[in-house]
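Next come two complexes, and both contain subunit A; in the first it sits with subunit B, in the second with subunit C.
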Partner chain A sequence: MGLAALPIVNDPGLDIPIQELTPERIAEVFNRVVDQETAARFKVYLNTCVHCGLCSDACHWFLSNDRDPRFSPVGKVKQTLWELIKKRGRVQPAFIKECSRIAHTECNVCRRCSMYCPFGIDIAYLLLTVRRICSELGVVPQFLQDTVNSHAVTLNQMWVKQDEWIDTLQWQEEDARAEVKTGRIPLDKEGADVFYSVIAPEPKILAQLIGNIAQIMAVAKVDWTMPSFDGWDNSNMAMYSGDFEIMGRVERAHHDAALRLKSRRIVMGECGHAFRGAVYDGPKWLGWREPPIPLIHAVEFYHELIFSGRLKISHKFETPVTVQEPCNIIRGRGLGPKLREIIQATCADFREPEPAFEHNYCCGAGGGTINCGPPWKTSRVKGNSVKAEQLAATGAHVIITPCHNCHSGIEDIVGAYKLGMHVKFFSEILMEVMEIPEELKA
Partner chain B sequence: MTEILKNLSNSWDWETPTKNITDINQWISRFLEVQELVASPDGERIAAIVQDDDESFTVCENGETWSSTFEKAWSLRFGPDGKLYVLGMNDDEWSVNEEDKPWDESFEYVWNLGFSSNGNAAGVNVRNSEGYAVSLNGSTWDEKFFQIRSLQISNDGQHSAGNIQTEPLSEGDIFTFKKGLWSLAVDGRPWEQRFLNVWGCSFSDDGSRVAAEVRLKTGRQTIAVDGVRWDQEFKAVWQPIFIPGTHEVIAPGLTTSGWKLHVNGTPLWNRSFNQVWRQKFAPDGKRLAAVVSPEFGRWTIAVDGNQWKTTFSDVVLDPIFSEDSKHVCAAVKDKSSWTIAVDGAPWNQAFDMVWDPVFSPDGVSVMATAAMGINHFLALDGKIVLGPFEAMWEPIFNENGDKVLIKCVENGQFLRRVVPVKDLSRK
Partner chain C sequence: MYNFVSGPLVWIAFIIFFAGMIYQFLRMLKSAQKDKVIYPYMSLKYSLRSLFHWIIPFASKNMRARYEVTIVTFIFHLSLILLPIFLAAHVVMFTFSWGPTWSVVSESTATFLTVLVILACLFFLIRRLMLPEIRFVTEPSDYLLLLIAAAPFLSGFIANRQWFDYETVLIIHMISGAIMLMAIPFTRLSHMLFFPFTRAYMGSEFGAVRRAKDW
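Moving on to the complex of A and B:
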């Protein structure tokens, strides 16, 4: 029996650009990318893979789609890169749409499969190479491309204008001062200990998170700053679309902003992919082995504030909680233990998910997939029923997600599978349990 | 040292060893809130935005408050000419306030306060009901745009430029975006040419030309001068500069063999790097230095294409030339520690942070503000010679190079100190 037909999704970002492609043009771009932009590891990965399929059980797409081999990691490489290599890139334009569908919308580049591969092949890198080829051909899902366009214009991912950014910070500072007398968002302060960066959804639609951090910083007496100028957004969807030149520009702006303000370190808000972009992919494209200024994720920062005693916990959050572990800071950075320690320090009833830590499933939204937008939401949510089952099995009522993409993706899953759970950033928990000294209360 | 600073500094008090300008501790006890301190170039004034009561903010300068009060205030800065500016808001109207006097025109929003290098002009990006523009010394461009995202002012303060959005764009409309909606407006007049993006720009010395980074399509970028793009295309470019006294343009461009500096589109140095940026000309307009990465994860300075032998692991900041154009120094970070390197030789002393180094007028000595922990110090030729201070601003040599002006906060007092270099060298 043949495999079931996949639903056809119309996406102008794919359907219209392929009309201008030819096999010759595709071959030219493919060969340029493979010959000039990939190196030894690309060949090693391709030549090492023995097509064993052990990566399949690592992938939530495969597990959630009735073990359909088309959704296995190796299956995705087979349907895209192997075919391109076999034909030296001389493929029909419609094939490139398929490549983008698979690489951009059905793989979260979460790298869980690398742990299941007997050789540790970074299969996600191979699919990122497919994305790069698609991006160079101008074939990128519309909503993801729009996000990249925003990065290119504004250096943030949500078209936030410069005046809107500063105005929002000033408004959030006012809100913070209504709770904590010393609440401030010091703009452009030179020499601060902490340069705090966020991702653009915060000023755009979740501004209260910035007000929250202003309160947290005030209570913990942190010497901090945020820039009034571009470089405040640490996110980077160009990294995931395959537009590495824009990725590099965005990352340079972020690190240069901290260098300009002579900050000792960058602390980034709760986002996983942004951590990957700012610590790994971005600096390396620019030539830095490590970020020029030390950069830590919010989980590490909250851990420092809580366990150094700078923040005191007045009471514990009583509702049962579980956790969604962002791939880029858990599998990618090993922050699983610290994440648990801050949850256990603030929550009375933590329900461990299974699997956990670096073996935890991806949220299904990361890797730029949620940025592919509404046309792809149905397949994205369907492609992560295992996450819904995993969360439901914990019996928790609240899911802590220290990542924006996880947060949105898990909300979609909670809604679609009617889990009746709530999704919170860790900072929202912290705001509920943090002790605000009497003398600081407004 | 900028030309204006050099000229102004000749008239400053270089004789009084120490002036206690004001007691910052007294400010802290007097006001509800004292924000970040800013010091004037001559060290005679210190100011901060302060909250005088629960409702309003003002500026406190040497212990005296301005008559102006604001519901909101930010971006308190001294211009190169020593005038003090702050952006303030009352009744939802923002104004630029220069020495306690607002410009005549107010706006829905103002930001990106900047100055011409000669100190003759102050400018801001502005938004009003008609759109976005630039206001230079209180005079606002006639033409307004859908968005503006930068402000560049010519050296003489006569011209201003900013990258502007020429047409509206609905979010998600990737096809209209692809047509190119961005351009550069100079003195309010946009270039005829449109690009996918226009980023950093620079004026020529005489202010008559402007060069900018532009993007043509995905992965194709180049430089445009007065709207006319170079024939050569690159995978990526960084901000261009003009060769002093000319209309020739230098910019880094990413080629298939790596990053190279280009002059008017043609490779300048006969080699490529893993990265090239932050290029700067010497005062003589002849020597050119840039930050380069000769190999992955290593950074240094190249002067006229010849890189320093010493490389650094973390980062190298802008190259700074001596006044005689013979020497180059830069703030560098290696293995997590900051220091200063002069002509390729790093100081032995490491710091938690360093500010831009300053050459003595004869190019023999280099000094910088440095920080270790929460304390600030003056470092001279590799040694800590003064400090610790709670805060410190850029030190300045006098014309002869035999004295240094230090602006610092020590035990809560803002001090203006003039120290003979020979006294520092003995330490």
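Moving on to the complex of A and C:
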């Protein structure tokens, strides 16, 4: 059909392991995964798809790459699963690298396409199955695999050691107390109303966010705690690499930590994939229908604090803002209306993006894609020019982004497309507009 | 030949169609047990909510965006299912063999709908050939399935017009109808059976677990 070859990207996580593979080994793993780990959904989805291509318009990769059919959701399934099924898994090792490129680096498993497929086929699930096969073959982009290795060894994503964790919390507590007298980060407090968990990049590179939450909790007088032990990291890259055994361990550790502290509920920081892992993908793998204790995302928590009056807003944020809606809390939890309500309550000039709510575009970074690291950044940023156009059209100066993956991904897009906009977590807006009562001011 | 295709072949086709559908349905139910997430998350309320938005024309965003596909698809599927059931020539044959009868569509309506089905098939073919994202995922079987769906209508139309040798065309018509019936359970035409269930599961997951809309 004359499609130009895609640039070859070298990634030791893919290039080295495939040297050890044989078609027999690939077939063995493929058939094991398909026979033992998949059932009705996998078979019915593949037998029901009539190759109509109506999912294409859902995908930001397809739209951003000049409607290149290789980037349409069904096109990605064709280039991976159809071929594997046709050959019963007996494919050349180089084909598995292609599978990983497509499934790990060119699909954000954002599930927008299942809202465009007339049959409701979960195409993201099919591509996650491809990731599973790649992961079982040891073929995973190196940067992504490194985070999984970290999860496996330390139960957090960033090789943070326990003393570093506790030390960081103490440092942030001190910083919080410089602003709010009662700022505290209570460790291992039993029976607290809120067990607050974050993703490991917060203590590693964005520690001030923990200091911010300590101030917010103090002003809102929330009874809260964080664990000093493993389980504090709610992120889960194993869910996206396809290493579901590690995914299960990580999710169990997170829920166990909250149960051990007899907390009434878990509040998770501003991260989308972590929420998905804790509320849905993790429990599914662990055989729980629902998470064992109530669990909410930061957006719901801030909504509760603002609308119950526990947090007062002293003035509104004046700069025009728009929003990046994280798939895993909007399409994944229906938090679109609440997100708008807290933005309206704190910002004077909100610019609605188009498309919005469940139909909003993915940030292009989620689904573990940004974690595939620098080798894949060029294609990732190119694969989301529609997001750049969408954001530019709002005319806003600040993009509120209540998710870590979105935050980093949108920053890349803002930089690459020279949008001249700033990306902020909602908590950063809150820090600017929240009223700190005089008696609490340090 | 005529006696065979209008007698035993019809029996064979219907038996294979119904038995095949039941077999596929039971296989799906059994397989759904192994897929541990399906039964726990299935919800009648959200299944119906999703189906509702996807069987009413333009009730979903993609149906509005691709309005031409929506219009053609609805006309095609409705005609494809209803026309054979309410066609006078079919009802007469059924009544002749079994007794019961029901109302039929007029011949001009039937011709009109047949032409619509044929045009819809042509539309699907052109779409498949012209749009890169569809051509990319098109396999020979996709053309074959389109042919299987179009053949009974095309041959029925020719028979009705009495072009070519009437009896030969009629035999081709009955064979092609039988082929379509027998193909439904065992090819991607099985979306006739599976569509409500894939939709229902996705609706349940979106509604009950993700508390979001899926249309």
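As a convention for this text, the second predicted complex is superposed on the first by the 441 of 442 C-alpha atoms of A that agree within 3 Å, B and C clash if a C-alpha of one lies under 4 Å from a C-alpha of the other, contacts with A are read in each partner's own complex, and residues count from 1 in each chain.
The rule is short, and it goes like this: contacts are C-beta pairs under 8 Å (C-beta built on N, C-alpha and C of every residue); 3 or more make two chains touch, one makes a residue touch a chain.
Quick caveat: nothing in here was measured; it's all calculated off a predicted structure.
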- Message: Looking at the superposed three-chain arrangement on subunit A, would you call subunit B and subunit C a clash or a fit?
- Response: fit
- Item | Which superposed partner A:Q170 touches (first subunit B, second subunit C, both, neither) | first
- Name the contact category of A:G287: first (subunit B only), second (subunit C only), both, or neither. both
- Partner chain in contact with A:D233 - subunit B first, subunit C second, else both or neither: neither
- Query: Given Cα centres, how many degrees, to the nearest 10, is the angle at subunit A formed with subunit B and subunit C?
  - Reply: 120
- Item | Partner chain(s) touched by A:E136 [first = subunit B, second = subunit C, both, neither] | first
- A:G120 contacts which: subunit B (first), subunit C (second), both, neither? second
- Message: Just to confirm the value: shortest Cα separation between subunit B and subunit C in the superposed three-chain model, in whole Å.
- Response: 7
- Task: Residue by residue on subunit A, keep only those touching subunit B in one complex and subunit C in the other, then list them.
- Result: 284, 287, 289
- Counting only contacts in the complex, subunit A reaches subunit B at residues 12-13, 16, 36, 135-136, 138, 142-143, 145-146, 149, 152-154, 159, 161-163, 166-167, 170, 182, 184, 186-191, 228-230, 243, 245, 248-249, 259, 262, 264, 284, 286-290, 292-294
- Query: In the complex formed with subunit A, which residues of subunit B make contact?
  - Reply: 33, 35-36, 72, 74-75, 109, 111-112, 125, 127, 147, 149, 165, 171-175, 177, 182, 196-197, 199, 215, 217-219, 221, 235-236, 254, 256, 274-275, 293, 296-297, 299, 313-315, 317, 333, 336, 352-353, 355, 371
- Task: Within their complex, state which residues of subunit C touch subunit A.
- Result: 28, 31-38, 40-41, 50, 54, 60-63, 65-66, 69, 73, 131-139, 142, 145, 188, 190-191, 194-195, 197-199, 201-203, 205-206, 209-215
- Message: If we count contacts the way the header does, which residues on subunit A are in touch with subunit C in the complex?
- Response: 1, 38-45, 47-54, 56-58, 62, 67, 69-70, 72, 74-75, 78, 114-116, 118-122, 280, 284, 287, 289, 330-334, 357-359
